[in-house]
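See the structures that follow.
Next come two complexes, and both contain chain A; in the first it sits with chain B, in the second with chain C.
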Partner chain A sequence: MSNAVQLLAEIRQSSERRPFEVLKLAEPLLGSGGGLGTGADAWLAYEQVFVAAIDDGEMELARAVLGRLHKRFGAGSQRVKRLAGMFNEAAGHAAEAKRMYGEMLAADETNVLASKRLIAMLKAQGQLGEATAQLVAYLDTHGNDFEAWLELSALYLRQQLYPQAAFCVEEAILQQPANHYFHLCYAEINYTMGALDVALKEFLRVVELSTDNVRGFYGVRLTADRILEAKRRPKKEQPAWADAAPQPATLERLSELATERLLSVYGAAGAAPKRAAEAWLQQS
Partner chain B sequence: MGGFGEGTDQEMFLDPAIRNWVLFPITVIMVLVGVFRHQLTILMAGDPPKPDARDVRQAKALLRGQLLAQNNAYIPAAAFGERRRYLCRAYEEGEYLKNKASKDQGAANLMADPKAMEAMMDGMKKQMMGIVPQTLIMGWIQFFFSGFIVIKLPFPLGLRFKQMLQSGIMTPNMDVRWVSSLSWYFLNLFGLRGVFALILGGDNAADGTRDMAAMGSMGAAGAAQPQDYHKLFLGMKDSLAITYHEWDLATVEQRVLVKYGKQARVFGAGRRGT
Partner chain C sequence: MPEHTVSLQAYAKAVLHCAKYPWATVHGLFLAETRDGRIRHVDAVPLAHTWTELSPMFDVALQQAQLYAEAKGLAVSGYYVAYEETDAAQLSAAGALLAKAVLALNADAVAFVVDAKSLGPDATRAALIPFACVDSQWRRQQPGFAAAGKGAPFVLENNRVLESTKALVAARAEIAIHDFDEHLGDVALDWLQNPVLSERIRAI
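This part shows the complex of A and B:
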């Protein structure tokens, strides 16, 4: 029993979203009449189980847990109020949820969680324009929230606003320059926009930071080949960045390196993946 | 019977009533007052001040400038130039200032900020709560038990401890092992910290010595000087303006080739190496 409590705590600490496992662990504990551990940690576990129940659509369980939290912390608790708002969201009472989040913001306008829920609701309802506007307003105040910048970038991408999305990822890179995932996003956005020189360098940065990153090496290979192709065209038809791009010899070496590393990675995975990778690399 | 002060054991006996009616009561009352104080502090501490979104915005804007100055090497030159232009202009015009209108008035009216005043009052209240009960207890001991010997330490001590252990009694020759009531009070004042940590948790408000330390430093440092963000913004603008941008990825091709063993390391090729 204490084992399950411990596992729940571990999942909570890694902030992974694994609702099925959480429910599987918590249900015997709740069913046996006992609580989810003792002390202050138990209430964290209740919150976790509540969110998992909502994720899984188990509204009855969610209602019971929320009732227990409500009884313990009362109506004044902003944290419980947010959970109640989430319950309303999940139950389809969007207007009610919105009203609750609005109340939370009225009590404390710096309540990050409430602002984020409001934006997430707009996004879920498909009002991308309104969600973008609110997220921009949020970031104007909380400029150091890199997760929000990435979210804004994703919103822009859904609206095909690539330069704006690139700007947001730049902000994330400024905050965590050694995170290869941010560089990967930035490289792919630049590739999509046709800024191949920047894309190539960023893909290279990805494989520099993260050894044998497959997505990064695919990018290197694709981008290097396309730059080579562009460089072979007559001077007048070359894009503006072609002069700033690396020499053809370097590009060829990079492309070769990417191919070699990709084959080596897939080779380690077995014969069939290796053949598939070879076939793909040959035809492109 | 040897003469006093000649290092021989002094034959002196304390009435058990002194132990029961002086020694223990002082300790017990000090513990109780500490606990009471802790509860009172919890009671009197008002709600934490309501945060203001404009404060957050102001601080985060400065942080953004710092990050740009620090990590500018990791974004392309165009992206850096755009941000620098924007932030420099915003800093100069006080775009992110909490009170845009007051940007030229400087630090003179910082005292007018009600929040700063409130924080100061809060600190004063806490300090008063620390000092008043301690003064009362000390007065009580002085009044009723002045000159009492309350306990004998089971180990010998040097003459230097006389001041510490026998304050309040003027006997040049008495053995240092005898402790006076006022000294017992001081020993408790400094020694009960561990007891409070045990019964009230580590972060308690029962301990009186911390407030005294705070009193001493108050005159010198002043209660957390509020920051003049306009000046900070202008300073940040200057340091951004002179930031030299060099893209970290300028030589990344060579670095990657070196990292994967396709090229020998060339001096000057990889600025940061791999």
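This part shows the complex of A and C:
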């Protein structure tokens, strides 16, 4: 019993969405009449299995697990009520779900779980403008929720609002300046917008904050090369940031360094990717 | 419009890429051989399931896929994308730009938007909506995929492609597909060939 329960706990820790595995681990335990562990952890596992069940369309199982949670925590539990709302969302009963979340907010207007579900529903229904507006309002009062800033960034990207998306990632970076993932996101958004000077700085930050970050080094190589190319154009055709960008000698050295690191990392790669990467890196 | 055939390898890999990340927008490339003016999309190279509106890693992957294709006597022939929104039937603005990058390498390149509604076990038609670039705009090609052998511009290579793909999805074969995103986290993963999966598809 303990092994499956442990694995479920590990999946919870990783916060990855792996419904098939969760169900595979949990079903034998539930079927045998046993349970998903003891104590508070068991209820976390039930919640996890519930989410996996609605993810995989196993509505009967979801209903049964929800029933157990209701029995244990009662009708007053906001956490269980949210799960009931999610059940309704998954079953296509959007109006019912909205009503439940509305009730949760009426009881407590600061209920973060309910606000987020409403925004998620708008997103799922394709109402990106409205979802954006509500998430912006949410962040007005919960500005330290960096995950929400990233969610808003993703919403802006889907609407091709790149500068706004970049601003959101800046907010996340302010809260976690050493998180290389945020710098990577910021670098890639800036690259996409054509702000290559910012992109280069941020890709360099990524490789500084992590070890042998392949995305980061590809970013350094790409950006350094493109800035070099931009600086070789006639003065009037150069982008606005060209003057402020590093000198060609520095850019060449950065490009070489990135190439060196990538060649080293690719030593351990599979045959086809290694050949393609090496061919790409040898191009000037 | 030349005739386009999509093989089981290409179709199944694209669908399995979707199956691995059903909550996300995923996109990738098709590789094709051309013979007698007929374009046969014989393989798919899955690219990403995160940050699919962003260009730097797409640029790297596209260029490397091109190098790989050339070495195999193939060409990068198509851009496929499955949007998070299950009712999507158009290329997004970002997708249109990425597809144009493929077009820059191959003037015959086409784009495919995955029709999520045709991915289920009861589907009777290919889940790919074809687009061709006409006057700088990506235009949906009607009537889309026809049953094999009817001489329509877009066909699957035979009438077993759909059933074989469904069988692979039912068997959870997507566990063996690794896209460029995953490769960037672990370079040992072969995103270009996905050899274990290729073999599985060949054997079905």
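Convention: the second predicted complex is superposed on the first by the 276 of 284 C-alpha atoms of A that agree within 3 Å, B and C clash if a C-alpha of one lies under 4 Å from a C-alpha of the other, contacts with A are read in each partner's own complex, and residues count from 1 in each chain.
Note that a contact is a pair of C-beta atoms (placed from the backbone, for glycine too) under 8 Å apart; a residue touches a chain by one contact, two chains touch by 3 or more.
Predicted model only: the values in this text are computed from it and were never measured.
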Field: Contacts of A:12 with chain B and chain C, given as first, second, both or neither
entry: neither
- prompt: After lining up the shared chain so the two structures overlap, which partner does A:63 touch, if you call chain B first and chain C second: first, second, both or neither?
  reply: neither
Task: For A:231, decide between first (touching chain B), second (touching chain C), both and neither.
output: neither
Message: Quick check for you: in the superposed arrangement, does A:214 touch first (chain B), second (chain C), both or neither?
response: second
Query: So, A:270: does it touch chain B (first), chain C (second), both, or neither?
result: second
Message: Is A:204 touching anything from chain B or chain C once the two structures are fitted on A? First, second, both or neither.
response: first
Task: Could you tell me if A:98 is touching chain B, chain C, both of them or neither one (first, second, both, neither)?
output: neither
Task: Share the list of chain A residues that count as touching for chain B in one structure and for chain C in the other.
output: none
Statement: As the complex stands, chain A meets chain C at residues 17, 20, 126, 157-158, 160, 185, 187-189, 191-192, 199, 214-215, 218-219, 222-223, 265-266, 268-277, 279-280
Statement: Note: in the complex, chain A contacts chain B through residues 108-110, 140-144, 166-167, 170, 173-175, 177, 198, 201-202, 204-205, 207-208, 211, 246, 250, 253-254, 257, 261
Message: Quick check on the complex: what are the chain B residues that touch chain A?
response: 50-53, 56-57, 60-61, 63-64, 67-68, 71-76, 79, 83, 248-249, 252-253, 255-257, 259-260, 262-263, 274
Field: Contact set on chain C toward chain A in their complex
entry: 23, 51, 53-57, 59-60, 63-65, 67-68, 71, 85, 87, 92-94, 172, 183-185, 187-193
